[in-house]
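Chain lettering (A, B and C) follows the sequence in which the chains are written, and residue indices restart at 1 in each chain.
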Amino acid sequence: MADTPSALSLRNIRKSFGQTEVLKGVSIEARAGEVIAILGASGSGKSTLLRCANLLELPDSGEIAVGGETVKLRQNGKSLAISDRAQVDRLRARVAMVFQSFNLWSHMTILQNIIEAPVHVQKRDRQSCIKEAEQLLEKVGIREKRDDFPAHLSGGQQQRAAIARALAMRPEVLLFDEPTSALDPERVGEVLRVIRTLAEEGRTMLVVTHEMSFARDVASRVIFLHKGVIEEDGPAALVFANPGSDRFARFIADIRPQGV
Amino acid sequence: MDIAFLTESFLKLLSGLPLTLELTFFAFVIGALLALLLALMRDAPLWPLRAFVRTFVFVMRGTPLLVQIFLIYYGLGQFRPFLQDLGLWSVFREPYWCAIMALALNSATYGSEILRGALGSVPPNEIEAARACGMSGVLLYRRIVLPIALRQALPSYGNELILMVKATSLASIITMMDVTGVAARLIAESYRPVEVFIAAGVIYLAINLTLSRAIAVVDWWLSPHLRRATPKQAVPHG
Amino acid sequence: MTDLLQLVSFGPDGWGRSLALAALMTLAVASTGFAIGLVIGGLLAWGRIAGNLGVRLGAEAYTTVMRGIPDLLVIYLFYFGGSLAVTNLFQSFGREGFTGVPPFLAGAAAIGCISGAYQAEVFRGAFRALSPGEIEAGRSMGMHRWLLFRRIIAPQIARHALPGIGNIWQMALKESALISITGLVELLRQSQIAAGSTRRPFEFYLIAAGIYLTITWVTQLGFEAMERRSQRGIHRNTP
């Protein structure tokens, strides 16, 4: 396992919002093929951590590397700033994110949503992108919605479309920011099924989630974040069977699992 | 940039200020009354009334104000004998009244749309509560519907007042010596358009600023129910 | 009635042809002014959204002035001020006498500056209506700023701004009537000429009103069609 290349690396990330320190020196090393579930209460900093991975949030200090390539950052007052815009754009095209509120582009059809970044950011051939998009739509189970607009799809369908959009970028790493939190209970299952399929394919994934059974059954590794500090980090089966921290034990007992 | 000339123009332009304010005031008030009439007619049970209002609004909104002014001032002059027989010629002959009429009708159009929206936004629950108390008809309108609707309409209608000030400048084209009329003459005499523009602009901006403030004050005064509650004395227990 | 029809006939005695040409002139000056306004409005909105304090204050001052001062004064400024500047320029090159700035240019510029101030407000409102999540999704995929603007932000701003912009077009159309004071032979001026020549002001101003109404109505239909098209897919049509 130590020989597998590092897909994503976050080292010593510190982040404050105003007076509140949200991340207090957090480090995660994600190797290729790992499926990491990030758990924690609201306000624990898990979403912020994930968003630092693709620089939607800029840490106050720390280091970020994608596929071994370190992101060039410079000091800007209290926090860090991007010093090489082009590098960030390039790296972002290798790390795809699925959002809690789907964030599909409302003025484009589902198909157009999926091929947008491959065609315009990755500059791939349009026809082959369309072909691939149709395969992805088939894979997530919404092929018939190809020419519909996001507003015509249910929440679960929209999130699956968002996943297809992320996959179309052929990313090395997939980031999921609470992918099922905004869904009705009946819809959660269909999305978790898709994510599970992706995990079984051996993709590198970081999933911030509340779904306990999902974390226990699908993830290869579990990280528990509490008030900006990692309190648990280990193989899923181990961590759930033998929680190291009392807080985590209480956490998994309190939250009732939904869906798959 | 001749500062002395600027100040001189400014003082000369002030001579047009009374007329600007008169035209604004009369046209606005008459227009507001007509707007209320139109707004009420708009939802009247009689179909011809509704059709009339809709056509009127469509025509007034689709044609330039200047054309409307010309129609009344120059156009109606064609019917002088007819108007003389009715005794109305003395009114229609004056650019002053023609301007006020055109401005009032134009303002009534936009005003009626504002009032319609405001009347429509009165919460039905509050009307229902009033009916449940036995209120109806004129009383209902006077005590419940209109007070709520007018408060709702105030910001938009305040804006309408400011637009009216600007609109009065068109009266200068039919020989009225309001601020713009004086400005036009000054430019023609002196060939210093920039200084005159600045001086006249300052006057209009000052009017608008004052009116905006006044409207904001009226709005505040009419809405004690929207302000934060003043903390009352705590009622002692026991 | 036949009398009226004869007035607007396209024959040698009728004013039909002149009025039609004047109507085209109205459309020309209004659309040129409107186009200038689009550019100015876009720049002002951009300045107020993304500019530093100085830029924002400047943009706000411009908007306040243009919206608070009568259109007629702005037209006087551009026409007489413009002519003055041009005359001075030409005189410094040795040309004697008065050179007037073309009324079309002065008029279009005036309309452009005024409508630009209103259009800026529409664009600002449209910008505020944007969905931050969708923009974030674009950033997360490595879209650089220009691509993000071109493919995501601009289309959505256009969609939200369309109704407001339609209103401002109607404004520009009606403002074009004021340009008649510069002597430009647009619709109102032409009707004035015809009215004076035939001593029939009522008929001709009525006809002019009718033509303005037609132009307003047709362009309104066009805008509504555009709005409908831009809204497709935005509203759920499933129960």
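The definition used in the following text is that a residue touches a chain if its C-beta (ideal position, glycine included) is under 8 Å from a C-beta of that chain, and two chains touch if they have at least 3 such contacts.
The shown structure was predicted, so the numbers you read here are calculated from the model rather than taken from an experiment.
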| item | value |
| --- | --- |
| A-C or B-C, whichever has more C-beta pairs in contact | B-C |
| Furthest chain, CA centroid comparison against subunit A | B |
| Length of the line joining the C-alpha centres of subunit A and subunit B, rounded to whole Å | 57 |
| Separation of subunit A from subunit C, taking each centre as the mean of its C-alpha atoms, in whole Å | 48 |
| Distance from the mean Cα position of subunit C to that of subunit B, given in whole angstrom | 24 |
| Subunit B residues within the subunit C interface of the complex | 58-59, 61-68, 70-71, 74-79, 162, 165-170, 172-173, 180, 183-184, 187, 191, 193-194, 196-197, 200-201, 204-205, 208 |
| Touching residues on subunit C, where the partner in the complex is subunit B | 64-65, 68-74, 76-77, 80-81, 84, 170, 173-178, 180-181, 188, 192, 195, 199-202, 205-206, 208-209, 212-213, 216-217 |
| Subunit A residues touching subunit C - in the complex, by the definition given at the top | 54, 56, 85-86, 88-93, 95-97, 99, 101-107, 109, 116-117, 120-121, 148-152, 162, 169 |
| Subunit A contact footprint on subunit C (complex, rising order) | 131, 133-134, 136-144, 147, 151-152, 155-156, 159, 230, 232-238 |
